[in-house]
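Inspection log for the structure reproduced underneath, given as structure tokens.
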Amino acid sequence: MAKRIKKIAVMTSGGDSPGMNAAIRSVVRACAYYRTECVGVYRGYQGMIEGDFTLMTARSVNNIIHKGGTILKSARSKEFMTVDGRKKAHENLLEHNIDALVVIGGDGSFTGGVVFNKEYNFPVIGIPGTIDNDIHGTSHTLGYDTALNTAMDAIDKIRDTASSHDRLFFVEVMGRDAGFIALNAGVGAGAEEILIPEEDLGLDRMLESLKKSKRSGKSSSIVVVAEGDKSGKNVYELANYVEENLPEYEVRVSVLGHMQRGGSPTCFDRVLASRLGVKAVELLIDGNSNLMVGLKNNEVIATDLEKAIKGIQNIDMELLRVSDIMTT
Amino acid sequence: MAKRIKKIAVMTSGGDSPGMNAAIRSVVRACAYYRTECVGVYRGYQGMIEGDFTLMTARSVNNIIHKGGTILKSARSKEFMTVDGRKKAHENLLEHNIDALVVIGGDGSFTGGVVFNKEYNFPVIGIPGTIDNDIHGTSHTLGYDTALNTAMDAIDKIRDTASSHDRLFFVEVMGRDAGFIALNAGVGAGAEEILIPEEDLGLDRMLESLKKSKRSGKSSSIVVVAEGDKSGKNVYELANYVEENLPEYEVRVSVLGHMQRGGSPTCFDRVLASRLGVKAVELLIDGNSNLMVGLKNNEVIATDLEKAIKGIQNIDMELLRVSDIMTT
Amino acid sequence: MAKRIKKIAVMTSGGDSPGMNAAIRSVVRACAYYRTECVGVYRGYQGMIEGDFTLMTARSVNNIIHKGGTILKSARSKEFMTVDGRKKAHENLLEHNIDALVVIGGDGSFTGGVVFNKEYNFPVIGIPGTIDNDIHGTSHTLGYDTALNTAMDAIDKIRDTASSHDRLFFVEVMGRDAGFIALNAGVGAGAEEILIPEEDLGLDRMLESLKKSKRSGKSSSIVVVAEGDKSGKNVYELANYVEENLPEYEVRVSVLGHMQRGGSPTCFDRVLASRLGVKAVELLIDGNSNLMVGLKNNEVIATDLEKAIKGIQNIDMELLRVSDIMTT
Amino acid sequence: MAKRIKKIAVMTSGGDSPGMNAAIRSVVRACAYYRTECVGVYRGYQGMIEGDFTLMTARSVNNIIHKGGTILKSARSKEFMTVDGRKKAHENLLEHNIDALVVIGGDGSFTGGVVFNKEYNFPVIGIPGTIDNDIHGTSHTLGYDTALNTAMDAIDKIRDTASSHDRLFFVEVMGRDAGFIALNAGVGAGAEEILIPEEDLGLDRMLESLKKSKRSGKSSSIVVVAEGDKSGKNVYELANYVEENLPEYEVRVSVLGHMQRGGSPTCFDRVLASRLGVKAVELLIDGNSNLMVGLKNNEVIATDLEKAIKGIQNIDMELLRVSDIMTT
């Protein structure tokens, strides 16, 4: 039978995303509710190795639900990839009588959790926190909804200028190897073209479509490009390519960049964080491990942590079709 | 066999909600894509009775996806509740060779559509547009996600003042007879108490909880109250009641009001509107009628329009529990 | 000769306003720059009486410039209006070797400072922090620019609904006895009518103007009403009055309320707070007292604190005229 | 004596900026108020050459005060730099009985106006519309306040990530050859360093300051760089230079780009636009020409158009000092 869980550690790891603080708050409050102690680990696995811990009570997380970033800070730890690093981390956990770990992060962070769990049979639950939405086992990762709105609002602003000057803008959005942000923010912002890694339609098709758009009376256009786009050209090269082939267009480029990772989380991300944090704690208290909590069909579910890492989160092909119809 | 659909009318009806313009745009563009004519009807059923129509092309809906309100305007029509009114409306549709109707609105608007369909066997598809999220057959109505964020952002601002002055605020949010906005915006804003029509826990419990909150070191508190709350007291009476019973609290009231109906739609609402509009047109072209398009498990589905009106959209009891845990 | 200032206390007092934290930060950092100690006083004069002090270094104010509310909290103190209360406050200041005081607040708070200064010859500098902009000696008070934008954004949202339904909205904004917020947010939001305490044109004129507006083809209208309006009717009574006299209008009311006091300060308010805080500290170090720092013609100036209280901040009559022309 | 002005043309020219629509609205409504006809010219001087005119009434400008961009579109016209181009433009104005011109734009646009006025003695008034605030004769140009807030909000978001990861961010903001946006948005966002063209302190000083900041306990930093910075390195080279010399910092770059030109104008910009538009029309009606309207000491004034072009708008040295003190 599983050991009774009396003290849980929580950390954020990998790239930060809006909603991480709301998730920390939820884990801490759920621990308080279930009369379980809670310890915050600073700077992810690196802080675990260095024993950078802080005791957290329900009051420690007052007034953080609306904050971007993570009060526990985040980092990438090379040392945790070594046997020695993980050994130190484990010793620190034991020394502080910590019985289980909640990791808020992306697939890299979960991989660390899986290895650690295998080596030390230490209970680990993952909460998917990344703006990229590229995690299997959840329809939404924490921060994704916020990043969509941040990117879309920026493109709305760029459209003001694009329309005023009859220009064509190439706007690069984040998303690593996934096109979720590009596709959804692109549809939301009414982009004329959306280039995503999941579907490489070739540059000729884009030229054809832009030509058609011009003929149909549209004088300005927005092309949203996912950073992981597979066209073989980066966003600047794409812009040059179009300018050379379609001299009727005046082309500009904007790379939205790191602002997409920050900002106050949307209501969706805050509510999701609150739900996932409670579930993570309850799963640990009930003796579970090696799971990731996530959302499927608006319900909180648990997925095997290894499956979450290896699985693929498929993009919605129906939405690609809707996007095509919208640019009629 | 169903008559081929060559011309579709689209209207907005009942209370406006963010995303209605995005849905109009989607219906119009989907019509253009399928080479079907599209006509906009101004001011809902009233405009249909008065023949207030406008031809719409893909270009008519340029640059409206991000706008709150509805470019087709909305109204409530008493005349359409009469046999004569509907007769006039039907004659106008025939005169303009309109074969089918897309109604964007809430349950009152759908009721009109059902009656009209029965009387004239006229194809009608509904798109759920209301901030209240009180429609059966869809997990999200158009405008609901935007209203959540508008309400939450306002409560975030109120919290600044509540914390600075150690005050207790009662904040009334919209939602008619449903507690969706109150529950989700309340959890998102970290409210200490949330009063919704679906769960009347009694005023004693609230007093007890506020007392406990004070003892636990929280000096300020937010109570979110749904406008349809069943406590038997309105928000001002609630505030007085608490002030009388808990003199340690300095109480204030804020009624967020109509601003919750407006504003630029969130990415979620714009994408949802784009998806639902296309589906509505495709259903009509495929010979369907008397359906409402909606979202279930992140997929676009169709529900019998009468079921959508009569069914009940249940609130998420798990989230009520999460809310309790968060206020530990 | 004035005593050398080695330790300065800073407090926020009266109603909170956005930018107060930025001003605290500026006072603290300016003290650090000039190697002067700095002490924060919690809850204004009440905290001074209770000795609720905290030592502040440049690092204590990291990451607060963007926050609404005040980390030092605010309160109204009846006890400070008594001789005994002020005596206790003075003793606490002496005990902590505090040489001077910066008060961030409105005229009520400055009155306290003037009395205290007279009784104990204690150096006091005021920083005008209120959303109402009703302080003589500065063109802008801290929080005013933010409140303008908050009110205007809310009215923008209400306009979406007003236009969609051809309605007339009465929107009450804050401002106590001054019409600054109403006039500027009203012009910014394109309101058809603006009712302010400084200019009572009578209700007949408003009716006339609304009639004209309807005739000219405007189907929706916004009337912005300052809370201190002198028409003799509150906003609900005004709405009823118009509905009775102009039945062609469907009237609604919205009271924006306390959200106008919160939220992240605008760039203007943050920069102003930074400038005023530095000046306050420099004035004290240079041996001054009984002054308020403020902005005139984009330059930071000092005004006699008593004049700031007694003087009247006049509203811009040119803008009233512009407002009339805009509603042609 | 000057000819009576019966018809006024208005255009936007050069880079667009938030508030241009509010200024167009103001010019159009002021014309209506003074019973003067008003004509909108599309795409600036180019549209004047091509005769691309539209009659505007008070109703043409309903519901545009809050919109970014310009409904009259903007363009740069090479043809207007030629004698022939200006001749065509003049002929078009005469043909449409246009008596005077309001140009909303920056110094390039005003130069065109000055030349045109000299050649044809045609009444021209300029309204300063640019986010860069680099026009002599006004403390604020239209769009500047909005751009400040857009840039600052983006930096606020970036700070979330910077703090979470203990990183150093170089953020490039717009402003052409002027540092107004960088200095004010930098102070507003609490940037640790601000590099502007007006003050080149050398790279060594920046390194020294960043070292000191690290020692003082700050783990993350933001350096705001004006696009016209004179350090001799672009923002990417600066980042590399720092990374090489201060390996303790993990450095990232973000170029905010074109989103700074768009978005809904702030209350300040909308009110300013309303005031300047009225004044421009009144000056023309009163027989004036060759002036730019602007804001000085919160009052609307007129400056000789040539002086506006040639003069220099000086940056506020006091604010530079405040910025230094804030980064103590």
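Annotations for the structure displayed:
When the chains are written out, they are named A, B, C and D in that same order, and each has its own residue count from 1.
By our rule, a contact is a pair of C-beta atoms (placed from the backbone, for glycine too) under 8 Å apart; a residue touches a chain by one contact, two chains touch by 3 or more.
Because the structure is a prediction, the values reported are computed rather than measured.
Chain copies subunit A and subunit D are related through a rotation whose angle, from the C-alpha fit, is 180° to the nearest 5. Here the CA centre of subunit B is 36 Å from the CA centre of subunit C.
Averaging C-alpha coordinates per chain places the centre of subunit C 28 Å away from that of subunit D.
With centres taken as mean Cα positions, subunit C sits 39 Å from subunit A.
Multi-chain contact residues of subunit C (touching two or more other chains): 156, 159, 163.
Chain contacts here close into one cycle, and each chain has exactly two touching partners. You'll find the chains touch as A-B, A-D, B-C, C-D.
For subunit A in complex with subunit D, the touching residues are 12, 16, 18, 20, 67-70, 73-75, 150, 154, 156-161, 163-166, 169, 252-263. Touching subunit C in their complex are the following residues of subunit D: 25-26, 29-30, 32-33, 58-59, 62-63, 65-66, 139, 145, 148-149, 152, 156, 159, 163, 184-185, 187-190, 216-218, 264, 266-268, 270-271, 274-275, 278, 296-300, 316, 318-319, 321-323, 325-328.
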